[in-house]
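In the two complexes that follow, subunit A is the common piece, with subunit B as its partner first and subunit C second.
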Partner chain A sequence: MSWDSKLIDRAKEIIELYPQKRSALGPLLYLAQEKEGYIDDDSVVEISKLIGITEVQVRSVASFYTMYKQEPSGKYLLSVCKSISCEINNSKEVIDNIKEFTGLANNETDIESTFTFEEVECIGACGGAPAVQINYETVEGVTPTKALELCKYLKEEVPEVIVADELQDKFGGTKSFDWAIEDNSGTSSTAPGFQIIGTSEEK
Partner chain B sequence: MKETLLLTKHMRENPENSHLIDVYEKNNGYSAARKVFKENNPGDVIEEIKTSNIRGRGGAGFPTGVKWGFLAEDEERYLVINADESEPGTFKDRILLERDPHQLIEGIIVTSFASNISKAFIYIRGEYAKPARRVQDAVEQAYEKGYLGKNIFDSGKDLDVVVHLGAGAYICGEETALLNSLEGRRGEPRLKPPYFPAVKGLYNKPTLVNNVETISSVPWIINNSGKDYAKLGVEGSTGTRIFSLSGHVNTPGNFEIEMGCSFGEFIDNFGNGIKENKSVKAYIPGGASAPWFTGEQLDIKMTIDDVANAGSMLGSGAVVVMDEDTNLVLAAKSIVSFFAHESCGQCTPCREGTTWLEMILERIASGRGRTSDIDLLLDVCDNISPGLAWPPQMTTICPLGPSAVSPITSLMGSFREEVESLLPKKVLINNE
Partner chain C sequence: MSENIKFTVNGNELEAKSGELLIEACENSGIHIPRFCWHKRLEPVGMCRMCLVEVETPRGKALVPSCTTEITEDLVVETESEVVTKAQEGILEFLLINHPLDCPVCDKAGECPLQDQTMAYGPGESRFVEEKRHFEKPISISEIILLDRERCILCARCTRFSDEISGDPLIEFIQRGNKTEVNTFPDEPFRSYFSGNTVQICPVGALTSTSYRFKARPWDLKKVSSTCNCCSVGCSIELNTSQNKMLRILGEDNEFTNQGWLSDKGRYNFDYLHSENRVLNILNKSEDSFNEISISEAMTKIKNKIDELDNPNVKFLLGSSSTNEEYFVINEIGNYLNKDKFLSRDSSNIYFGDDLLFEGYFGDQYSQAKLEDLDNSETIVVWAEDIKDNLPILYLRIKKAVKNGSKLIVFGHTNTSIAGLADFYFGADIVSNKFELIRNPNEIEDLKNNIEGKKVTVIAGKSTVFQKKESLDKLINFLNEKSELQVFNAFSKGNTFGALQNIDEVKGLNEFCNEFDTNAKNIVFTIGVNPVNSSFFGQKIKEKLIASDFVISLDLFVNETTELADLILPTTSLGEKEGTVTNMEMRVMKQNKILPAPGSTLSEWEYLSSILNVLGEDVNYKNENEINNYLSEKYINQEKLPTFDNLNKPSNLFGVINKKDININIKDLEEDNFSLLMVRRLYGDSSTQINSPSISMLGAHKFIELNSTTAKKYGINSKVGNLIQGPNSILINIDINEYLPDDLVIAPINRRGFENIDPCLDFDITEAKNREELNVN
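Let's turn to the complex of A and B:
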């Protein structure tokens, strides 16, 4: 779907933040992903026009980074860490359990578009290994059993907003450090829940 | 043995709301910024940082004051904060971003003042969505107070800060790759020369690229003095450092200490020993790129130079402990897979080599190894990093490829028997 004027205004505000237009490419790709769940062809066209580079240049950058999705994701993107600290703390069993529950292999999305599953590299939660992210919100100390419960919860309760603190209380364990600050912020798409300041759409 | 709290003091004393500007200010926050604007002598600030002898906390350990001194003259200069923390085992910047974002912003203000910079970027890895939100909120609060924006602190100077989200590429921690990424390009490290972003950096303009922990240390140094900072720790590794401890310890976490104690003391004291009272088989002293030490080498001191002399690096300050039951082939495979996945693909030795190493380790781990596999592993390693020396020789633009060699040389150096036990025995033609 092509971008409406509201979205284009927001994109222009983001471009304004940078000394050179092209620097806004990353943030604009997130804007597309927030809207469509992946980097769709129409967004590539819009972005190339806004920044003044070719569509191929946009795709070339988008395909370099793992967080820009080239295909539609499910409602919940489950990313399980398999790097060293998680690996030696049994992340394999967490991965196996999630795979079995969802029936998905690495980088697959189920037919109902509920889950996308991916094995990822270090997410900076090594003290709370094994760690999982749901739409880039981190939950630490997830045992293989808790991982199953987490999947069941998402499937049955279908929460609109993923709040890390809430899921940590329900399904997490050991944390990398004391999170202390009470935090209800979260995300409602498979793009990271982060808004650039100075742009019009509020959280 | 106790922690020395400089950077993590405020967050410890105000656990519920250390991220709010009012709370930060009540605890002496932004006093360093006020001080430098009042004294109005940028040269003094740089001198103070040089005196402190602080070395970059991102991994390379380059003296920060020297780096600042390199910054070339130009009308347009930039500061870029490297918050692309992705080295496996490392989670120390995350706590600084999540729980004390104003300390970082104050550091940015002071640094920008010292180097006459009016535009700064905080490049945070995309997976750190929550820390990025905290920093973004803090930036907004600082704008409202007039600490960022136009005429900050009524000094006549302007400073804009943009929080920029990465998108899942470890390689963007390499400073020139980060700059490419920030310019809206693929995160591929740049050819050197030019060697220093301080001369040709963002948009080919002089740019300071500093780690979160480094810049977060700046307010303390200004509030106290470079001399006071240099008194902490040991020569060559002054001040405190936040170490991330993970793996098979009872209590993992971030611990801020003066450099100089031994790894064994650190693991016993802060990690409260190994789970189920097991012993240490091996440990990684400074993130996944660093060669491992064995359980017999726990008395090595935690300083940049001691670790380097023992054949590894303190790197990002990530200590990963592996107990006696750890399958080290799988551990090495995990690290090699990481580098294979994160290779940007520019240089053949890295792109092809890391993938080969991953495949060979995979087949050894699953019992399908061949007797020739150890030689093959070492041969591939030698093609990525000739001579398998430490510090590594490079055949590539950046050190990512050689980093994938570290776990293999560690494995073959100290645990060769463990690998051999997984391989078929050599068949002797005339055996008895």
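Let's turn to the complex of A and C:
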């Protein structure tokens, strides 16, 4: 589906932030991902028109970075860290539990489109290992049991907006660093919630 | 920067320019470092790691890629040490992990850098037992290019070429890591005028062209250097044949002209040489059909006809594919059959088949530009027909100059394809829809500020046959007065400048129509030209040819023009004749022969001198070389003559620039009320192209271009429509081009379906509903 005028206006605002149009490519891809859950061909065409590069150049960037999804994700994207710190702190079991609960292998989405599961490299929360992300909202210090509870909560409550702090309170443990700033904005899609790009949502 | 510095390679002290890349400096000193991704005309990228060498650093010896390392004073380099050898073996082993090693069925085998360098630097045996990655074997990424992703080693030469050099990045790396592949965007094929270059620079057999695929093995090819004749840039090419068939044309790196690149038309427009439609025997028209006759019968016929008609008017219509030697003989016979034999007539009877030819800017007051001047120009000004379509390699040179900092000023309305490159594009507020300057050049601030006292190269030519010379004069004279000006006359067709140099007085097709006296007896020669199909005057010329008493065509095919002839003398073409051609810089270059003349074809000069003989003139040219010597005598600079002997010297392989007096006598067309701007596109329906199956489909795209305001005026919203004029209706694609002024509609001239469209008559455009309708028709 091509972009509506509201989305195009938002895209133009983002382009304004950069000295060169093509520099806005990254954020625009997130915008596309927020809209469709992945980077679809129509969005690629729209973006290429907006910033004046060819479609294949947009696709090249979109397919290089794993956080730009090439296939539709479920409502909740579960990213579990498998890098060294988390591994030492038993991420294996967290991963196994989530896999068992959702019935998904790496990079799979369930039929109901509720969950997409992926194992990822370091998400920068080593101090609070093991860590998981739900739609890129980080929860640290998760235990295998808490991970299961988290999945159940998502499946049963189906929250519209995912806010990191909220999930941290319910399911998290040790945090790597407490910024002591209450952050109430989260994300309602499988794109990371950036206020400046406009992909974040107030709870 | 240009200061020489010393550095050491393998214990030998060498010199190179500061800032030069290590790989290039070594190459210049005769030390070869293996590489895949590095290409001297592309930006270095350090992708393949094959060029790793050992250099001494303060922390000991280290391996660095020599293609991204600039040499510095006293740099110490090892290119053959044990560590380097091991690195090379390792890199090759990595590169071969996913390479299918299907050399026995690969077109590249035999001239493949991966194969060659694996032999020279590889580990000798493979330790890889796992499954290689698989892709669908070749996918077509355009009508003429195929891509085999299994063979690709991800050197990024093709993607860099299309981004940096040709400026149409329609192929890119998709995915990452082990999954990386080169591909296009779905539904957006690699439609580039320069796509063939990616096939030539691909270091493996990943990119292949439809025309050469599975045709030959490189070691069976016979090769000769020559010069392309598709446009007047005169690119250096290498003709590859096998078993007397032209199989491939490659670009040669001529520093002064094409720098290795070719347009796809220059590269793939050769299948016609072996087309079954080609005329191979002399055809004589009796009643309404052609029958074959011998050369002696033909000559007798011509002599009898000239005698019988008793002092006829003889006129010559010329094309742009003859060599200088042939033009020289055409000039001889033109003079003989005119002022020498029939003393009453002293004006020229030779007419050149290019609607856009006009008097141009020659002579002492204008300095003739060279392509290398573009690189040194502070500003480049373009006002001519579409450069990208008609002089594609000139477009690449302009693009390169702009990238290196030259300012580009483009006048409307035909060069919209380079408008995006331009610093200033002068559209509707400066150039009227009739191609007149609305404002005086000295009132245009952006022009004035960028040319005054600066080095400027102008590319000047008519954009349409209706354009008046006056406005161009105004601009050129202004530039000439205010700047250090070099001028290119943008006459784009093949060997136009060779014709201008070797024919005493050249006239145009309009003059032909005006001077043709229907009441007199007329003989017309058409030589390698098809004006009935490709000219604005086509219909008029057709009438004149029908009204002529005798028409003799020297050509390759029976086409719209030659079918009107009484006698068709089949001629030779690229690779079948030897001679010289002159490009737009007045650079004379050699065309070489590698194929025998097929059937009973002869060169144009052989026919013409036979005709002179049969008419009793004592001319006896033995071969091209002799004619070349005659014509060389007329060059102004007698020191550097473009004789065959000179041109065959290694130091002159890039051609020799020399001048002759040029005399063009073509007046502006009186009418200028045109409703449709008809332009030439790179591909069209010339008889050579429609008889070259590998590219013939590229000239079939039917379209018009207009801006959105004009589209609204016609009430068009869709991308498909009908162009209607009288009884003609053509289903067309409607391309919106916002650089065009209001009320100007562009349509292609050299295109099937458009032959009955008259640019002077009113037309209408209506919407066609959808693409399905296009398919139904």
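Simple rule for what comes next: the second predicted complex is superposed on the first by the 195 of 203 C-alpha atoms of A that agree within 3 Å, B and C clash if a C-alpha of one lies under 4 Å from a C-alpha of the other, contacts with A are read in each partner's own complex, and residues count from 1 in each chain.
Note that a residue touches a chain if its C-beta (ideal position, glycine included) is under 8 Å from a C-beta of that chain, and two chains touch if they have at least 3 such contacts.
Everything numeric in this text was worked out from a predicted model, so none of it was measured.
Looking at the shared chain after the overlay, A:Gly26 reaches subunit B, while subunit C stays out of its contact range. Of the two partner chains placed by the overlay, only subunit B lies in contact with A:Tyr136; subunit C stays clear of it. When the two complexes are overlaid, the chain among subunit B and subunit C that reaches more residues of subunit A is B. In the superposed pair of complexes, A:Arg59 makes contact with subunit C only, with no contact to subunit B. In the superposed model, A:Ile88 makes contact with subunit B only, not with subunit C.
Of the two partner chains, subunit C is the only one that A:Asp41 touches; subunit B does not reach it. The contact surfaces that subunit B and subunit C form on subunit A in the two complexes overlap at residues 60, 64-66.
On the subunit A side of its complex with subunit C, the touching residues are 41, 44, 53-57, 59-60, 63-66. Residues 17-27, 29-30, 51, 60-61, 64-68, 79, 82-85, 87-89, 120-129, 133, 136-138, 164, 174, 176-183, 185, 187, 192-197 of subunit A are the ones touching subunit B in the complex. Taken in their complex, subunit B has these residues touching subunit A: 11, 15-19, 76, 85-91, 93-95, 98-99, 119, 125-130, 132-133, 136, 139-140, 143, 162-170, 181-187, 203, 244-248, 252-254, 284, 288, 318, 320, 322, 326, 330-331, 334-335, 337-338, 341-342, 344.
On the side of subunit C, the complex with subunit A involves touching residues 168-176, 183-186, 188.
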